[in-house]
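Letters A, B, C and D mark the chains as written, and numbering starts fresh at 1 in each.
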Amino acid sequence: VGLTACQKSEAPAANGGSGSNAPSPNGKPLIIGVAFETLQTEYWVASFEAIKADLKQRGYPMLEAVSDGDANRQLEQVKNFITRKVDGIILVPKDAKTCLPIIKAANAASIPIVLFNRPADKSAAKSVAIVADNFALTQETVAYLMSEAKKTGRKHKAAILIGDLSDINAIGRRDGFDAALKGNEGVVEVVARIPTEWNQEKAQAGLVNALQANPDISFIFTSSDFLFPSIVSALKSAGKYHKFGTPGHVILGGFDGDATAYQMLQDGYLDATGVQDVYFEARQSIQAILNLRAGKPVPELIRDPGFVVHQGNLQQKAAQMWGAQIAKK
Amino acid sequence: MNATPSALLLTALRHASLVLFVTIIAVFGALAPKFLTADNAINVLIQSTPTGIVAVGMTFVLLTAGVDLSVGAIMFLSAAIAGKMLAAGQPLPLALGAMLATGLGFGAINAFFITRLRIAPFIVTLALLFVGRGLALTITQTRAMNLPDRFLQLGSARVAGVPLPLVVLGAVLLVAHVVLMRTPFGRQIYALGNHPANARKAGIRTQRILATVYLISGLCAALGGILSLAQLGAVSPKFGEAYEFKAIAAAVLGGTSLFGGRGAVFPGTLLGAVLIQSIESGLVILNADPYLYPVITAAVIFLAVLTDSTRHTLLARLNRRRIRQELPT
Amino acid sequence: MSTAAAVEFDGIGQSFSGVRVLRGVSFTVGASRTLGLVGENGAGKSTLMNILGGNLRSDTGRMILRGQPYAPAHPTDATRAGIGLIHQELNLFSNLTIAENIFLTSFPRARALPWIDQRTLHARTAALLRDVGLELAPDTLVDRLSAGERQLVEIARALSLDARLIIFDEPTTSLSARETGTLFALLRRLQSQGIALIYISHILDHVRQLCHDLVVLRDGAVVAQGPIETFSTPAIVSAMVGRNLTQLYPTRRGAPATEPALEVRGVSQPHIVCDIRFTLRRGEVLGLSGLMGAGRSELARILFGLDPCSRGEILVSGRPLAGANTRRRIERGLAFLTEDRRHEGLCLEASIADNLALASIRSHARTPLKLIDRTGWQRAISTIREAVRLTAKAEDTQPAQTLSGGNQQKVVLGKWLLASPSVLILDEPTRGVDVGAKFELYQLIMDLADRGSGILVISSEIEELIGVCDRILVMSQGEIRGEFSRPEFSSERLLAAALPRESPA
Amino acid sequence: MSGVATDRSWRTTAARALCSDYFVLWLCVVYVAAVAPFTPGFASLDNATNILATLLPLFVVALGQTLVLIAGGIDLSITSIIGLCSITGAMVMNDETGWLAHSPLAVPAAIAVMLALGGLVGAFNGVAITRFRMPPFIVTLAAMMAFSGLAVWLTQSKAINQLPAAFNALGGRTAIALGIACAAGVGVHVMLSRSLFGRWLYAIGHNARTAHVSGVPVAGVVISAYVCSGVLAALAAILYTGQTETGSPVLGQRILLDVIGATVIGGTSLFGGKGKVLWTLFGVLFLKLVDNSLNLLNLSIFTLTIVKGAVILLAALLDSLRTRLAGSHA
């Protein structure tokens, strides 16, 4: 809501140039290069928009690049940033390893680089990472779902929608799910592990087939909220889409906290979702660049604790939930 | 010469792909009895409708020795437009009409560049793949869009007890089959694919046929998009991605040649589309290790095509014309 | 009925990438008359007919059709104007049936419905096939037809158009004596119906039998025209080639040696050939005669290793081939000029030089890396160009498909001559080749024989076999039915031996 | 009169430029000249090095694709070969869990394994296509699915780093990568234009039946073409892996359309018999220039895809214009 006002007042500054009235540590506006790996889910779009809005508010021009899942292209893009002499780089790397040469290139040009949402592996290359812990947050979310499942007093058959097997986040969430499962085998038995390749159609078809094989599935976890429309469609066609607390309700859990998830929580269909604090991460990334430029000490890893939103705490957490903000708009 | 073993062998060979298809289904059925239920068969068929319909359009194009790489982009773009229209409160039929019109429009652009400006279909449609996806991303701002429930109801509607998607698929197949096999236009497509220069010499309006073929492909892509949306209920930025490969694979699996002039939509392309979907469905029902999906799918496709090509070689050998009447020895 | 000329050419000129192929061609085809169009390979006959048929637009000049100016932009315009064109290079689609090929642009429709009326289609096709003397089911795939049969289908197609002017561009190249007879009867019937015909052929006897008028083209220009009676055959030949040609066949200098080049012992393949035995001596030109479908081409393909053979032995220079594949057989000295030059003889889009070199290029790859010795290669190409008298206009880098039919044939022959084979099998070697060039081809064949190679010539032209062979075998129903040595040669005896026997009761 | 003459000579020069092998190169030059003034940092030495570094591996893969396309086939499995080779090489030599960790033989052994593996996949493709007469599109599509699935499974989705510095230098140091790519390019060029194999390959692409009847060992040559494509993809995997210093199962997964697109833009025919190394080089260069300039222009991802499509179309349009002009003026 506040964003539009800012955009208007800052409009001339967006052009950058020497006449800008934007304050910055040494008087000139900083050019920040933002390189994303993908913009193909709500979550990344929201993060991207959050960074963009934050930078705009500060009057810093931004260069953008999206590599569409290609680690090599990302390397090219960051090199292009360096060619353009940016003052800082915010990077969503493809994975923990392919980003190392990118970081090295930035180090060599002494440009501060912040990894957004995905950490790099340990190495000599220096960077700051702002991360939500996929593993821990998923574990926490699934643990909540388990406790809900226990309350019903019966054993549940479960399906998990796994993301792209070559995506590090997808793997982290899968592992978090498995970790939460440990010791709870008596409560939940996984009867379907559906690889979705982050594709809605595959998710939908896979879930329909899983429900075909096990019509009594009553527990579904998805590695990303953006697959919820597919899940809802599959559940509806199986006649199993019921509100929380009504008989036949399928326990649903997700990750990300997008607008659809918010809506489903509000309507009482969704049990819980793990939310990453996008606004916190955006703010921290830019602050880290400023601090690095100012020579202040910055920790190598800044954690976004994230939080689980569920039926019990929806009202109090909604304000921090990026999906809720979008849904309200 | 009537009931010799070779006559029996011939019949078996003629229907080799069907035999293989049944074998694959039987294997899945033996491993998971749930797979062989009527419900599941209908499910698999419904799930293969979008691929099937897009592949029917693709078959027309492939028969002329062309290719249409823009089908996935057409699906996405038309879906994005429909999503926006529905969000703006337009009636559903209008949105559906707009989708089909988009498909036709893109088909017309393809046709214009290919027939008027004589650019290779591969390049034209590749370029339109980029343009189409780019436009769609602009329209959606890379956000997922949830469609109103009316759309999902299309997917579960029934006509005289038959699910609507199956009715549409059946109609498309019937029309396409009759057009290809029983109309002058269809037979001329085969002639054109066999030898374009000779087709012109023979007095066929080759440019007109080529143009029509791309229009058909565009229309089928949009129609496939509608059916897919009717199952998903949402448009995501990945919608329709890699559909060009899926459609070509289904057509080629059904015996259509990339070099033109050979192939058929029924049963060829239909079998191809259903086979791909059956494998996926079977694997989910078996709860197979997600890592094995691509390997098994590839193996089955390989086997299917191997059978088909062996069959062709054997048939050609058995069908060789005879000069002499040999006395039985 | 109008008395206007069927068609009038007025100053037609055409060039391809700067080379002039037709220069101011003017002549008239009278109403209901048959005009013979003759000329050397590459004289421009087919090009002129392509202009008439709407495949090409001429650079200069105009045409007048039955008194009306006529400028077709597309082949359909020609069809609509009542012109039927039978192409020199067969123009059929192998993935369609005979019926579909014939009615491709004029399918009979079911009443007011968009789809094809299959019954009418079949009935009309069957009638047309009966007319041209082809006993095949209308729904046979063209893929399964031999060259001769395809030619008949092409003719049936032209008849189906109900054209008032039909052009036959070398229609008998794949036909044997019997089918040619049927065709001529058909042509006479057309003539009597008042249909004008243009008949292009290199067989001057045929032209003489059929035509009322004659036009001779040389190098793209009309060099002679008039009623056929005013020309003697030698006069036509000298008008065509621009010099006097005293002989149609070169005289044989050498004589066959005694040692065998190729021995075939009891070769059999069920349903194809049965117990074929003969010996081809070094330096011998052996003819293989027979009717269409006798199995001559099949035998040649078996000898060359393209088709399987279940029994029998084949020896080259005394050594058995023992199941060697085609490549091995070529290395052992076998060569095979196929009758299907478009699909098996040439790479149409490749250059003339590449086509010429294809079979022998291996011998120019010397270094361990198998790099081509380019000077040696180029030298070989230019020698062979000379030898086969390839038209001087053609450049080595030009794609083979831009050559006239006869010159394409020379390229294929040149390819095999370069491989200096010890046994050369020729399947219809002079198909579409003009008289002058034929003489040269025969000369090349005989020279090769004189150098000690054995030569097997398959031909449907009995005169040709009698003219060049030392000995002739006759095939029928997949068996050898007769052997004739030079003194016994006569068309009647050869034909009699070629006729199929009644099948045993 | 003289006006006509100069007009004619101007036209012949234009026609000659249009017909030459260098057409796409001229297109690149024109593109750079047109775009540089609006694109900050485009015409700089740094950027040229960037373009070069990213162009090399793509060029190497495209070389293999060119061979296969000339023979009238297509190779969709290249991306999976890159991923599979990348992780196998990394498994052999990485410093933590590598089978040959810290051994002096690690790097050469890894390279040998990678190239051999590429060749093996190529041989598999080739044999299936020639011996069993299966369509290349499906064979290589199935190979793509199977081998990239295999690569992801082998690593359980995790990338492998800690590769020896000597190996990383192969792809990471542009000068070395340039040397490797040049060697590959020259090798393939000589093979195509000077060797027996090249002649045979073009003949097969033009008409495989004629080639067979003329004694060309068709199956052997086609299999070799696929093997070459596999080995070149493996070589590209070495370069890519060196650049990213990581063995990743999904390396190069998105370049398939780029590779085929670049090759076809260069002028190679999808129907066989036509193609040259130079054409492919210029095609790759053109594609990379477009990518790079659009990137520097700071266009949003949406606009970028649209503009890229439009530029490809424009290039093709010019190409078809030149073919028509060449037809009427040569």
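Assume a residue touches a chain if its C-beta (ideal position, glycine included) is under 8 Å from a C-beta of that chain, and two chains touch if they have at least 3 such contacts.
Since the structure is predicted, the reported quantities are computational estimates derived from the model, not experimental observations.
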item: Chain B and chain A - chains in contact with each; value: D
item: Contact-richer chain pair [C-D vs A-D]; value: A-D
item: For chain C paired with chain D, centre-to-centre distance based on mean C-alpha positions, whole Å; value: 43
item: Centroid distance [mean C-alpha coordinates] between chain D and chain A, Å; value: 35
item: Cα-centroid distance, chain B relative to chain D, in whole angstrom; value: 29
item: Whole-Å gap separating chain A and chain C, where each centre is the average of the chain's CA atoms; value: 72
item: Two or more partner chains touched - positions in chain D; value: 152, 156, 301
item: Junction residues of chain A - those touching two or more other chains; value: 39, 165
item: Sites on chain B at which at least two other chains make contact; value: 137, 142, 291, 293
item: Those chain pairs that satisfy the touch definition; value: A-B, A-D, B-C, B-D, C-D
item: Residues on chain B engaged by chain A in the complex (per definition of touch); value: 32, 34-35, 37, 39-40, 43-44, 47, 50, 137, 141-144, 146, 152, 155-156, 228, 231-234, 236-239, 241, 277, 280-281, 284-285, 287, 289-291, 293
item: Chain D-touching residues of chain A, taken from the complex the two chains share; value: 39, 63-66, 68-73, 75-77, 79-80, 82-85, 95-98, 100-101, 121, 123, 165-168, 170-171
item: For the chain D and chain B complex, residues of the former touching the latter; value: 74, 128, 132-135, 137-139, 141-146, 148-150, 152-153, 156, 257, 260-261, 264-265, 270-271, 301-310, 312-313, 316-317, 319-320, 323-324
item: Contacting residues of chain D [partner chain C, same complex]; value: 190, 194-197, 199-200, 202-203, 206-207, 209-217, 273-274, 327, 330
item: Touching residues on chain A, where the partner in the complex is chain B; value: 39-42, 45, 162, 165, 191-195, 198-202, 204-206, 208-210, 212-213, 226, 229-230, 232-233, 236-237, 258, 260
